[in-house]
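Each of the next two complexes has subunit A plus one other chain: subunit B in the first, subunit C in the second.
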Partner chain A sequence: MKKDILKHRLVPEHTILSKSEIKKVMKELDIHPEQLPKIKQDDPICKAIEAKSGDVLKITRKSHTAGKFVTYRLVLN
Partner chain B sequence: MKGILKKIAQINFGLMSPEDIRKMSVTKIVTPDTYDEDGYPIEAGLMDPRLGVIDPGLKCRSCGSKGGDCQGHFGHINIARPVIHVGFADTIHKILRSTCKECARVLLTDAEIIDYKDRIGNMVKNEESITNIIKEIYTVARRDKCPHCETEQEDIKIDKPVSIVEGNYKLTASEVRERLEKIPEEDHILLGVNSKVAKPEWMVLTVLPVPPVTVRPSITLETGERSEDDLTHKLVDILRINQRLKENMEAGAPQLIVEDLWELLQYHVTTYFDNEASGVPPARHRSGRPLKTLAQRLKGKEGRFRSNLSGKRVNFSARTVISPDPNISINEVGVPEMIAKEVTVPIYVTPWNIEEMKKFINNGPKVHPGANYVERPDGRKVRVYPETKDAIIEKLEPGFRVERHLIDGDIVLFNRQPSLHRMSMMAHEVRVLPHKTFRLNLCVCPPYNADFDGDEMNMHIFQTEESRAEAKSLMRVQEHILSPRFGGPIIGGIHDHISGAYLLTRESSVFEEDEVFQILMRAKIPLPKPKGESWSGKEIFSLLLPEDMNMVYRAEICRRCDECLKQECKNDAYVVIEDGNLKSGVIDDRAFGSFAGKILDSVVKEYGTDKAREFLDSATKLAISGIMKKGFTTSTDDEEIPQEAKERIEELLSKAEERVEILIEAYTNEELEALPGRSLEETLEMKIMQVLGEARDKSGELAEKYFDINKNHAVVMALTGARGSMLNLTQIAACVGQQSVRGGRIERGYSERTLPHFKKGELGAKARGFVHSSYKTGLDPLEFFFHAMGGREGLVDTAIRTAQSGYMQRRLVNALQDLSVRPDGTVRDNRGVIIQTMYGEDKVDPAKSDYGKVVDIDRVIDEIRIKSGK
Partner chain C sequence: MPDIKSVMKVLKKKKADFPESLIEEIADAHERHNLDDKELNELIDRIKKAYERATVEDGEAVGTVAAQSVGEPGTQMTMRTFHYAGVAELNVTLGLPRLIEIVDARKKISTPTMAIYFDDEYFDARFEKEEIESEAERERFKEEFVRKTANMIGKSSMNDILKNFNLNYADMNIAVEIDEDKIIDKRLDRDDIIKRIEKAFKRVQIDNNMLSFEPPAPSKKEDDTKIPIRELRLLADKVRDLQISGVKNIGKVVISKEGLEWVIHTEGSNLGSVLKMEGIDKVRTTTNDIHEIEKILGIEAARNAIIREAQNTMEEQGLTVDVRHIMLVADMMTADGSVKSIGRHGISGEKASVLARASFEETGKHLLRASIRGEIDHLTGIIENIIIGQPIPLGTGSVGVIMKRR
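Moving on to the complex of A and B:
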């Protein structure tokens, strides 16, 4: 039986950023993508949303301190 | 900031080949002598100038840089006969044991070789450690017969440290080397040798690297006599024997003599590497002291790693015993004059301070505000002596640097180990005081976790203006009143500060005006206008509160009455502050105590750290002068309860013990019903624990009824949060209660019973560690024994916990040490790689927060309510 991990309450929302969005975020943070935290391409979430190496994921998750928190990860293989 | 990403591709560890050693060498060393009659180093000797220079005035003949810049260059000694390197003797033994004496192949079958090579290849690819598989090969490849050439193998043993014996024949180092040379390269990996960086035969030395002179500098004694480093001595020995061995070999001396010399050479090379190798007598100095050779320099607590790299000694620091001084500010530290004269502050001379500096120099190194050294602009340093000081003052001009004594007001760093959090190192202002201990205000005991049972602390003196400025703004004690751990005060009143404030501010506390002024004078608080009538303690304390402070909270003494009567509380536990006036409630731990102080917390957050320091200094001083006015003492009388109470407690406890017996009876008669999810035994245990726990609590409550806070100072301390707890008091007066080991009643000891005084399988209260007596009546021998068991567990647990948390702290610190919060709020490591896109996900500094939150809405509402309600 296969579960849809995207529906699990502990899996935060992951979205793949477009080229222009990546550019914007990189400018905001003043970094190049290699300086982002990483995530493996074979991570279940990457498989589920079909993220490829080089993509940048925007992760929106619940936070104890801030309520909602946005962070980014670079997909690697 | 765009980070620079640089990666270390790889670090290789391998052996040096004889060619490598010769290639890196700048000269061959042949003569065992060091200097000639005129004191010049001999060419091709151990002090050959090409090996590097130490004297800053000379230039290196090998690299051209000046002494100090030149890190030195290696030389080499060609050894007449090969010798085994002690460090590799074990490996050599293992390799020889696993290879054929005839064909030198590894003693594995072809199938095994293919299998192992396959497995190792995979592990290397996955970057896994191959140590375990190599170990396995070493055991599998101990065969009696070679699978390749069928030769019978003889047993090879190692005779520590470096002799390798095959059967009854001791192999010479040359024979060992030949065997290692013969091992085919494709078998190397199976023996744990990476043929890209090492060859087995390199473990037997034919050429010895000679470390540069910078590694083994000679020292000149006052007598002008030269004293050489231990390593140099050892190298001299090696060269001498090597020379003799060579001569004897060339002269065709008898085999026996050559072998003796060879053995001796092996001994010297072995002790050169490790003078504590098992099985060899250590080489000794003429005085009989064992020589400190290469391994000894690195090994152990006094070795290079633990004493020079992981930890270092520093200048401008001091350490002594600490003692309390309630009269100095929390920001200050009392420094003994003796220390103040030893550690110094460098001051640049300017036209504006030159006269002051001259005064310091004039005082010299022995009179207190003096100076020890003067540094001229060219970097030359001169010590100030009474005889030379006038000449120095004469020459003093702007640009010089004077190392003057520590004086009042200097900023220093103060530290107590183990430095577990940032409050373990804080900046204090110096107060030079008589006697020999560091003095500190009692309010800073909690962050340092210090007491005065012999604790020592360290002090460091800042040496630059920048560090002083930074320390003053970031590290000063007053900047650390709030802890980043929970966003509340960690620095605050303790012990007598709390009792004193309570005695001063409780309802019954009324003072005549002259008494009030005595108290205030003693606390060094500015005197208010006399009002010509008696004062309440609350009015006195209100003098310290900011004019516009409004707050409401429940004091520590609050007994959680069923219905809170607020201002009318009979315990006076409802604190109301209106426009800086304490209207109701007493001042106790919840007011300005460390870890709990609400008023202190509010002062820091609303009025800033300067005000908070002022408040804390005067509040504690006021409390101390209050407690001294009232008088405060405690004795065992404070834990006395009347006879009738004792009888009632006795009755209560024996009833409980009866109920335990009834439970046990129900269990043995199999009438007991198991609780859901529990076995019968667990149910019984739980019920017994519950009954006994209740009995102890009830007896405590009973005793508490006779404890009157108005008559009993022990109770004052327990209820205000100054020291001790109600449990402590009731254990002394009423009943100690159940002792536990591993969270349950005591079960260990003899088979089926805790002590031989009980029947096997006995489950009663007493048989399982219930202490019926109170500390005051005294424990009987059995109770005493169980109590010791419980007490011991506590000690062991704390010992283990500190060891575990210490290691955890170390790992955490190592993992996090390079992370920092950048101005844009991101958390990054030293390469600029993002760890968090926003610090703590909300950008809140917990030390500046309200108990972890950005703002405490309830408190703001309370404040407004008081303001508008009047």
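Moving on to the complex of A and C:
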């Protein structure tokens, strides 16, 4: 059940970034992680992929306009 | 796809960062018109120019444009609240009231509804297991399964399975006869119903299909003012309304066939429980309750749901709003990890600037509170700067000059 929700049509792909990836992305966007949109630690998706507070999630959305769109969210508790 | 690769190569050389859908389109044109390298170069050059011209410029007031673009069609929407959606028997809030509901992020929406789909893979597995070969038999099995599931989801009360219902004032009891045919027709479990009845009513005698209910025994205290006949009638209502099946928060269900597929539409919504049921499509089954989606599927799903619901509402009224405006609204509403409303209690109420908040609503409250707490306004927003009569940080105003000291 926990993993089932990841397949739902409304749920885009979430992946946890490693430390070095976070650094690379932050440099590319020229921002601090705190400036990213947030996602709660008790969000069902965070529970399903076991993301902890302080992680940055890479979210690959299917977009109506761009086909694919990559965005990031910072996990907060 | 060799085409995408060759297009990507040219794009990289020209430093053009196009979205995926655009690259696919170029690759498609490349193949269709059999372009040579020179033509492809020319095409990409021109697309790059057009693309860059079409992007939003730095400092553009996208929020204001989005607000106007959603607001203007809103004035043309009907004030009529109810309309059918998909199935004739179900009422769903549409039009302006629905749009307001979405943007306000209401906890309790006026007409929650679900669309429940079935998992074909589950059916295939069942066919295999039970060796159902012929097409007609498979269809019959499917329909039977759908109806059974619908009755498990939809609310049924005692009233739906009664044959006889008698209030006996002489003996002060209620004689009830259950209709076995109706139970079979509704695909319910008789033992389960009996169990539920026994659990709900203490003073009940069950003899096959004949039930006899008695009102609670009068207490022996002197000050008992209960009127026996009234008690009996109250009990009668209770018996009739006893829920014997159904998922919590879901009322009526409507079964319909859309194309080749069975779909159940419900009045009321409980995504969590329905997704746990057997044979349900866990990918497409959905609800129109955004808070429920947030709870069950997370914040990103809620964002998608806001976009979908808002766009469907506009489209249903024959209005088209560019998705980008709605996407911006949805992004703002979900930016801090939970669904926030637009307005006093949500986004506008959380602005950093005191003056911006005070100019929106409840001016006195904000100014008073800010003075008590000693808040500082850094004058970084638009509204603050308009109030004090400075150039606003928007468009050409959003750049400044920094000088190095010598």
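To be clear about the criterion, the second predicted complex is superposed on the first by the 74 of 77 C-alpha atoms of A that agree within 3 Å, B and C clash if a C-alpha of one lies under 4 Å from a C-alpha of the other, contacts with A are read in each partner's own complex, and residues count from 1 in each chain.
Note that a contact is a pair of C-beta atoms (placed from the backbone, for glycine too) under 8 Å apart; a residue touches a chain by one contact, two chains touch by 3 or more.
Bear in mind the structure is a predicted one, so any value in this text is a computation, not a measurement.
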- request: Tell me which partner A:35 touches in the superposition: subunit B (first), subunit C (second), both or neither.
  value: first
Task: Report for A:43: first if it touches subunit B alone, second if subunit C alone, otherwise both or neither.
output: second
Task: State whether A:72 touches subunit B only (first), subunit C only (second), both chains, or neither.
output: first
Query: Which holds for A:52: it touches subunit B only (first), subunit C only (second), both, or neither?
result: neither
Field: Larger contact residue set on subunit A - subunit B or subunit C
entry: C
Task: Check subunit A for residues that touch subunit B in one structure and subunit C in the other, and list them.
output: 37, 63-66, 69
- prompt: Can you list the subunit B residues touching subunit A in their complex?
  reply: 1-3, 5, 824, 826, 828, 831-838, 840-842, 844, 852
- prompt: Mind pulling up the subunit C residues that touch subunit A in the complex?
  reply: 19-22, 24, 275-276, 282-284, 286, 293, 295-301, 304-305, 307-308, 323-324, 327, 331, 334-338
- prompt: In their shared complex, at which residues does subunit A touch subunit C?
  reply: 1, 4-5, 7-12, 14, 37-40, 43-46, 59, 61, 63-69, 73, 76
For the subunit A and subunit B complex, residues of the former touching the latter: 29-32, 34-37, 63-66, 69-72
